[in-house]
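Could you have a look at this structure, given as structure tokens, before my questions?
By letter and in written order, the chains are A, B, C, D, E and F; residue numbering begins at 1 in each of them.
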């Protein structure tokens, strides 16, 4: 699992970090720290976890402080993808107290949110560990955080579905209705997109499956089906295309779904309903 | 509660909606809809709720479609702050099918996230309805969504704490330590900020309370105290300043905390851990 | 061919048009027109072609004028994808003379550049019309104009390759060298990317082909091979994956390459070296 | 020629480079390199020319890599304005393999485009080398690249005309028509603009020339005239103002035009139709 | 004077108005108005002057309200360039009370600042009305407001000098020192810039004047000279180039300077030290 | 006074400096310096004051040069808040001559404007030094410079009022009229805003005062009252809330107003009408 976790480019998060910090600083200052802490004060601090979970966004969060001071050093003790226990240290910070105190909340909000996504993902992944199925995320993501949340899903051991409307075709009920059938929709899609674009079709009933597969779909999404139906669907597909189960998947039923033999199980809750991981910043030496 | 819910200015959400839509459209298009749905096709659709909750962000979500087409009309059947049951219609949409289908996910993600915050807030607010206590949010918000989440808290019947580091003073443990005591920290803060800025002090122990009140704090935050201690703190304050309880507040204990007589109860989970409200867009007529 | 030409969303070009106009207006004005043309003067004008070609960017160019005045109306007489002769009218414009004269150069630069790409593409496409081969563009595009140039390629009858480094895998010589072989590179790629991402491998010699195909590539790029080698490559692949020819393709040799049976022929010159289509704006009535 | 070539400020290209890189990285990553190349791999590479030409944009292109890594070093072996032969090295690059491979296409696209403009300019300049005439560019530039293309024209030995509508007055046919004559147009322009702004008038016939010169024009643009007419125009002007020939200038006729004695010859093709210079990046050591 | 006052394009001020409004709205709202004024309340109001002066920025200021509501109508009773007395109405506003009250301060700040510049300019212009001299502004402008302030100078009857470092050459003492003399500096400048760029030389002593004029300067700036010296300088120049007086010009001495016969008198105070025009918004009907 | 002057975060001014520099560089270059000064030339220079005043913006101005070159060093000899005499050195600069000469005007414009505000503020503050009254600024600020001007007011010894419409409530005449009285307006405001927001009421007559105080205002603004009325107002308030005098305050009458016993005196002129401090940059060694 760790094998496929690639570091995140600064291009993915630099402007998000700046924007999040700006949101907290408002017109550009920290009234309390400016009033009370001398500009020359220095601080040593640790970011620690207050609960068990999987980390995502350690470098993202650490980069907050460099926006506030070029003299600050932050070193990670645990990396993205690592499982962490309550009380463990994630990062150590040393530098001007102003930057540490003004950046604290922004760093924790970013790290807590992304680690929440990774942690929930990992719980789903654990449930299907004995099967071939992979847990994948959806486009049901938190506004403006999709790229980071998709990365957090990978940190938790999940895989990514398409990133947006422009990098993959997913033919749904409405598209099929307007096109006048699955074959016609597939034909239109294939004529329109380049060879680098994968085409997936959402099927509501097994009776649609053969038309999707023979019509040229690269993958089929079996929407809102129970385990028995899913299993029958997998059999019908006979490995000719990728199969994906979707709709109503919970921690309680994901294992049962995985055992039907589907290749992928997509779970919206990974990104739209994961509670934040509880974190703190402890200032250890401040003078 | 409705009395104090003011409509949100477009200044608060316009760029967020644009950014969220851009995130989904990536390089600017919807491959599937472009390939299959004729440019002239029109659509009538409804946004409906799949669960019980309180709405927040109806106008925000509805505005998504106007970014995609000037010909689309969206009308709200339920407004922000309204309680809604499963299956109820929130908005009706009519216009070019392209705009409806391409905007669907972005609109639902915005509305689902904000309504999730409002719904959780309202559950906390219900618990304290018999008391004088108000539920308030914190700065533990989702990156880049603070202004909208704070609005969603108001939709759920909660009140807002400060919006950032620049619009209120909250003196915490570290500030007190560096200043050399609560009185000194208060003195520094008062000399530095204008008369429009409120000063609140976080106290870890009741022994600090009198120094905070007499030192000129406008409010005291009683951090991580049990109900007995909180009640004692409220008595000591004797109504001279605003009292706020914070730390470890859950749906299970919030009523007990409220009964201690504190004025405010701040809950980070309202904004960092609220699950999204489950929503769907139903295309009713597409031709 | 027209069947698959989908209109371009304003999201793809709005900021490009604004930026291009701003580049010409500099600090925000047109010294000559401001000095000489009364604010109330009106103008009727036509955009006409001065050469034969294929149109791309008609709506893009027409939108320039709406940035300068809300009172201007522009109607297209010929659409993107249309072949046009010298002297033919493309668009008719009516409105304030200031907006027409200040927007003229920006509109013509956009339309001329994109139509240049479409026109060159169409000449390549004509050469391969008798074959199954499709002409595709590359990432060798003009800085900041990629999405529009890829659209112009479609207007000319070509197809698109991946849009960037993030929406498709293309394993090249350097990647293979570091990975330690094609199989290993394919394995790493497959483990890392989601099911919606296609994987293509660039092969320099036919001896690498079988490893690419059996290793799981979805497509192979046959780089810089002569026609005899290409034909042999196509035979070896036996239709198991998509084949693409690339490198040194010109109008003179593209037909020969197409006859080898490859599926795709990629041509960098479509986007990096297409001369602009010659256009003029004729003010017909100005008073 | 080199005497007047001044280095380009980062202010001119920094945001263009960032935008061009972002265009290629899309949502922020290079799928292939991320999947296959270890984060610690390093690379030595050279940018070389595959054809003869004149360089423009070496520093612009080299700066691409610094956006991707602060550890990369790039050194130019040939500078802007230098003539280069096929196979010659332009820059040497050393640093993290990720940054080299992910930045390659963006760097080559920028350098190839600008060097294409410089190379074509230089061919025009060579043709007029024996005369007093200077080759100048126009506002017929590639969208959003005007400042860089004008610089590339200087690299090729050409001179620049005005940069936009706001920094020079060029009175054309339509302006003259509305003003009611050249004298009136000149009078209006002179009354409106400051003393730092030069005024040029486009004349369609020699009969307009004297009115332009005596009316106060600083320069006259002789539009679409044959050599005999141009020569007569130059004689009529008698050196009182700058003379510029424009319209239908090609490599085949530019020398003849220059010999008429005009001061300036403006050529739109320099910037709107220059084919890119063919370049490659060779990774020499990658481990 | 009115003859040469051209309307300002929205391109010059749209982003300034948005930014100024955003600065006042901060996180996006008007706490007071939101709390007290019902969303449906409407308002009729007038912007009036509290002092005598010359208007500049009427349309700029009026556009503020359209950012806040599309239902508001604003009509100007007096235009830019008009002299206005205390108590006179400038604009009438009608629409939602929220937009009127929230936009009031931003509109008045813009109009008051620019009219302050126009009013001071007009006082200088009046002093030189009997002479040929023109009053011009400098680059000593208020940060980020240069284009608008230069427009305000025109509203007050002044003329503009160059807009920035990129649209005119002004050779100063330091440039001359490094170049090794005025002739050499002029030679370098002429070789470097295009024919559309004017070259002006700043001379500290009359002994430098002849070298500047014969070296090819288009204008000379006579820096910090008394009237007797200026008059002698004008005589020496004999009308061969434009003459400009600069340095230490006040309302008290500008007439004397103008009588020396210089063409231009540049005054930094027009833009860096003009007091704002006193204005009010009167809500006449609010319900 | 120095005690409460806190350094300004780069977040407050970085984009303002960049924008101001961009405004002067226009399309990105300094024609004169580019043409004449060799890229390798170096320069030592000083920024000096040409008049007496109080400094504000030294670091802001000095940062200009770092945008133009990473090799430049600037050291402040006098800090923000310091009183300075004519001829005194403020900063010393050493580095590439290009950066010094191209940045000169931008740096001086920023420092001159902000020091102008600080200097005028300090003159007001001096007048009230014998009293308890504090001089405060208003929202009548120069467009886009509010945060910096409010900082400059602090440099001059003044205090800040609210920063915008979103961080404080100021109930004015129109709000009271719509609400139906001061009590009702205060009630609405209190129900709407969080506990961190202070509420101030503007009263036009003393008869309104008691209603404001007992209705829960935190401060009252006594608008446009003479000294006798102000003194009576202060007596009526009896220290229960903060009192602020506003309207028609000048250097001539501010001392008299202060002696009435008001807590605060707000002066719009500090920020909308302060003349710039006269400054120069002297290049001392340029080679």
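One rule holds in what follows: contacts are C-beta pairs under 8 Å (C-beta built on N, C-alpha and C of every residue); 3 or more make two chains touch, one makes a residue touch a chain.
Note that the coordinates shown come from a computational prediction; the quantities given were computed from them, not determined experimentally.
Ranking every chain by how far its Cα centroid lies from the centroid of subunit E, the top place goes to A.
The chain pair with more C-beta contacts between its two chains, of A-E and A-F, is A-F. Repeating the B-C interface, with the same residue numbers in over half of the contact pairs, is the pair A-D out of A-D, A-C or E-F.
A straight line joining the Cα centres of subunit D and subunit F is 45 Å long. Taking each chain's centre as the average of its CA atoms, subunit A and subunit B sit 22 Å apart.
For this pair, subunit C with subunit F, the centres built from the Cα atoms lie 52 Å apart.
In subunit B, the residues that touch at least two other chains are 4, 6, 25-30, 34-35, 147, 163-164, 166-168, 191-193, 197. Contact residues of subunit A toward subunit E in the complex are 26-27.
Within the complex formed with subunit F, the residues of subunit A that make contact are 21-22, 25-30, 34-35, 39, 68.
Remark: subunit E residues 16, 19-20, 23-38, 41, 43, 97, 101-102, 105-106, 108-110, 112-113, 116, 139-147, 163-172, 174-175, 177-179, 185, 188-189, 191-193, 197, 269, 272-273, 275-276, 283, 286-287 touch subunit F in the complex.
Put simply, subunit E touches subunit D in their complex at residues 3-4, 6, 136, 159-163, 166-168, 191-198, 200, 219, 242, 244, 263-264.
Those residues of subunit A whose C-beta lies close enough to touch subunit D in the complex are 4, 6-9, 11-13, 147, 163-164.
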